[in-house]
């Protein structure tokens, strides 16, 4: 089960993201791939992972993946449910969160994210949903994990709008912010991490069966590759079985559900 | 039952204070005489009076008078119980309170109140409990009712410490504040109200059987007497019976209880 | 004190052309029936405020009721775009849409400031982002104790806030529980408030997690509207109809299909009961057609 | 994650000489047992924070544990003065007492700012009063939107917050309900927190009005101490012992009587169980003597 044929790119992406979460961490989760990764971690190596959703549900244990950030099961299984103003003030801004997930339509070499517009703000070609909780997650959590599918339209030289800050337009943009910022960008092709000094994202791990040239081709800037490029350890049998079982349960519960990163 | 022998000075004080509360008003209540007056109003002419205690209990209907601001019965009979930060931010500061009660160790001619120290702040002769909720009640409620027993040590030319503002040291101190400030000072001898223009307190009503000279003697400044000085209507049979019944019930429930204004 | 009335009367009395309106509900308890009634009564030039202007605001925007949107995340949760919202922003259809854009934290702080009677909320927000350059209601203050610069957002004080709750009692006290979002703050920040409820009960007793009670004296009108939050849900009363969110992607993607849907389901129904009946019929027909 | 331990161990581990400590509880759920344990362990030079430093702080001040008091109302509720507090302020006995004095609204805003990770709280407060002239942690800001001047208070961030709650579960999640005061904010503002509880239960289920749950990861230590809030009360577990508040007026009014009380009931008891037993005995004797 560890051959490259045995799992899909989105499965390795989810499994790799899940592995970043240490047991006992307090994790601010969004819907879609982050929720899948966090719940996978919770069900495998991190049973004491604390899952917090921005709907105000703290310490949830959903049996199936929620379809929305405010599914009833999140409230029913939570240790505590608080208001939205409180989740952002006392919990996120209050520095109670170890790790947060973000995604976006565009990312640049300093891990700045755009989920607002493609094109100019006043006359966009594409109006995206907007910031949501992202700007303050980016600023306040201990570390940020970014999950984003790898293609040239997403990995751009310059984001059209800076919705949430990675390391700023020139890599020096975190002064005054508490968290460490993005520590890993997990894609369906590999993992990028910021250079310790320059904060520029480098390819540090490549998923099994993916060519470096493919990653470079799908990146819209001149992506640096780490001297010690590793190959992502493939999903274990347990990880794959748990993920697939979770997806199966979710599909049974929500007939309209499709794997968010699939 | 309307002869002056039939009721005590503290009873007429409580009844007179209760009458200031219109039915349906939202009232921020303190322990002691204000609580007695507000509950009397609630049991007589103002069944829709909303009682709020600073412990966070909104819309209470205690069967007996609470001994502390946070008695269990206040929570048990409340429509809603909220935290102390919330009661001060969303409810008091938020402008949701029509009328608040205050008392103090000292009051001056502009209805400024002192409940902090007698003597200099750093080396007081008497250290009093301090501000509590008073400064913001004084500033934020629609109108303030002051209940205070009338004697020369309390009615002073100049308060030793300005704990909560009436009309400021010179009568012009409410700029920027929302509420109307004190509209009545109810004592065991009479009722003082601010002059519309100067904001200086004037004796506007005298309780049955009390001589004006007695009030002037117990006031530490040259108290003005209204041209149309009225005599406080004596407590009705219903008011007296209700008040005494409330006190009786309270005494039965709390054996250690004594009438707070008695 | 809240009056117990009908939704139609409450909208007629409290919501006027040009008003600033907040219809809140975070995934849970979204006041859809009230949104439809605003469309039926033909309100125009509204400024709509909401953290997550999902389907309910897509419908109002598409119906031409909206001049300005104050928001922080405008998508169809778990599905994708809000096509009527995008059509208004990208193409000015059916009319151009002014925008005042924040983050969730900023919007929450704005309502909380409004509820607290303050002109501003102070928070750590927007750092390093392009939002402050676009949004006038974002500024900054300097902490007098530490010298730190912090974000300031202008208080949000809607003319009317509309929410859906599980219960009210006959005095007009309102109770809701589960995911309670920013509804309490949005109601307390507003001059008036309309609450649709699943049912009116004799006595409110604590239910479920995070039970919130709004006393009657902060509520203007209570209107019983069972399922008034469909396709959102009311914990203890209904489940989220995820299928509708998926269907909406198709309905809203095309101007003609949307306008036909709006005419048939909203403009030509008289109230939420008729709307739900028609929706049930249509769903049954689709079900049969699929079989 | 909270460890479930004894009160003595929790105090020994987390509370040190010179620390800034908040013991909160608004009439309800006041952590008396923890206060006694701090006295037993002989802590000195503490800065004590509390909206209402009632009997619990009167005891700590009289015992000589306290260098500074941060507060908003210092009285014996419904009874009168705190004589040990007054003796310290008026006469410097048993030592002089620094003060940082606020209003309730200001103290609440300071904890809330601490909980929210902000350096300041902004509120309408202290207008026209003499408090800002005495208190360095009161300042002002100007609203960038309206130009209004508003009060600013410095965030309060205790080293340790101590509270009493009705229940915890075995994971260390804590639940309390009824009048919940500022305890949530005080815990979230602090670096560490100690929670004494009436009981540890297998599962926390919503109880009574205003049910608050603190998840285990924001609590440092949970110690089961039944009646740990006596003579205050725990809704659902005990009633307020009003008699003790009246008796305290007499006990605390005289230095000698206070010091004898402190020696006998606190310093020479080993824990809260022994303290409560002794108190019950003494009460029975007084009862007999009165008959």
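For clarity, chains are labelled A, B, C and D in written order, and residue numbers in each chain start from 1.
Simple rule for what comes next: a contact is a pair of C-beta atoms (placed from the backbone, for glycine too) under 8 Å apart; a residue touches a chain by one contact, two chains touch by 3 or more.
Bear in mind that the values here come from a model prediction, so they are computed numbers and not experimental data.
**Student:** In this assembly, which chains make contact with chain B and also with chain D?
**Tutor:** Correct list: C.
**Student:** Across the interfaces A-C and B-C, which one involves more C-beta pairs in contact?
**Tutor:** Output for the comparison: A-C.
**Student:** Could you give the separation in Å between the centres of chain A and chain C, each centre being the mean of its C-alpha atoms?
**Tutor:** 28
**Student:** What whole-Å value do you get for the distance between chain C and chain D if each is reduced to the mean of its CA atoms?
**Tutor:** Spacing between the chain centres: roughly 41 Å.
**Student:** CA centre of chain A versus CA centre of chain B: separation in Å?
**Tutor:** 58
**Student:** Can you tell me which residues of chain B touch two or more of the remaining chains?
**Tutor:** Residue numbers touching two or more other chains: 80, 89, 93, 140, 178.
**Student:** Which chain C residues reach two or more other chains?
**Tutor:** 116-118, 123-124, 148, 184-185, 208-209, in rising order.
**Student:** How are the chains arranged in terms of who touches whom: line, ring, star, complete or other?
**Tutor:** other
**Student:** Spell out all pairs of chains that touch, sorted by label.
**Tutor:** A-C, A-D, B-C, B-D, C-D
**Student:** What residues on chain A touch chain D, complex-wise?
**Tutor:** Listed in rising order, the residues of chain A that touch chain D are 24, 26, 48, 50, 58-59, 79-80, 89-90, 93-96, 140, 178.
**Student:** What residues on chain C touch chain D, complex-wise?
**Tutor:** So the residues of chain C touching chain D come out as 116-120, 122-124, 137, 139-146, 148, 150, 152, 154-155, 206, 208-209, 211.
**Student:** Where on chain B is chain D touching in the complex?
**Tutor:** Against chain D, chain B makes touches at 31-32, 54-57, 67-72, 74-76, 78, 80-85, 88-89, 92-93, 112, 116, 121, 124-136, 139-140, 161-165, 168, 173-174, 176-178, 254-257, 260.
**Student:** Quick one: which bits of chain C touch chain B in the complex? Just the residue numbers, please.
**Tutor:** 1, 115-118, 173, 184-185, 188, 204, 213-218
**Student:** Can you check the complex and tell me which residues of chain D touch chain B?
**Tutor:** Residues 26-28, 51-52, 71-75, 77-78, 81-82, 85-86, 89-90, 101-105, 108-109, 111-112, 123-131, 134, 148-149, 178-182, 184-185, 208-210, 212, 233, 235, 239-240, 242-243, 245-246.
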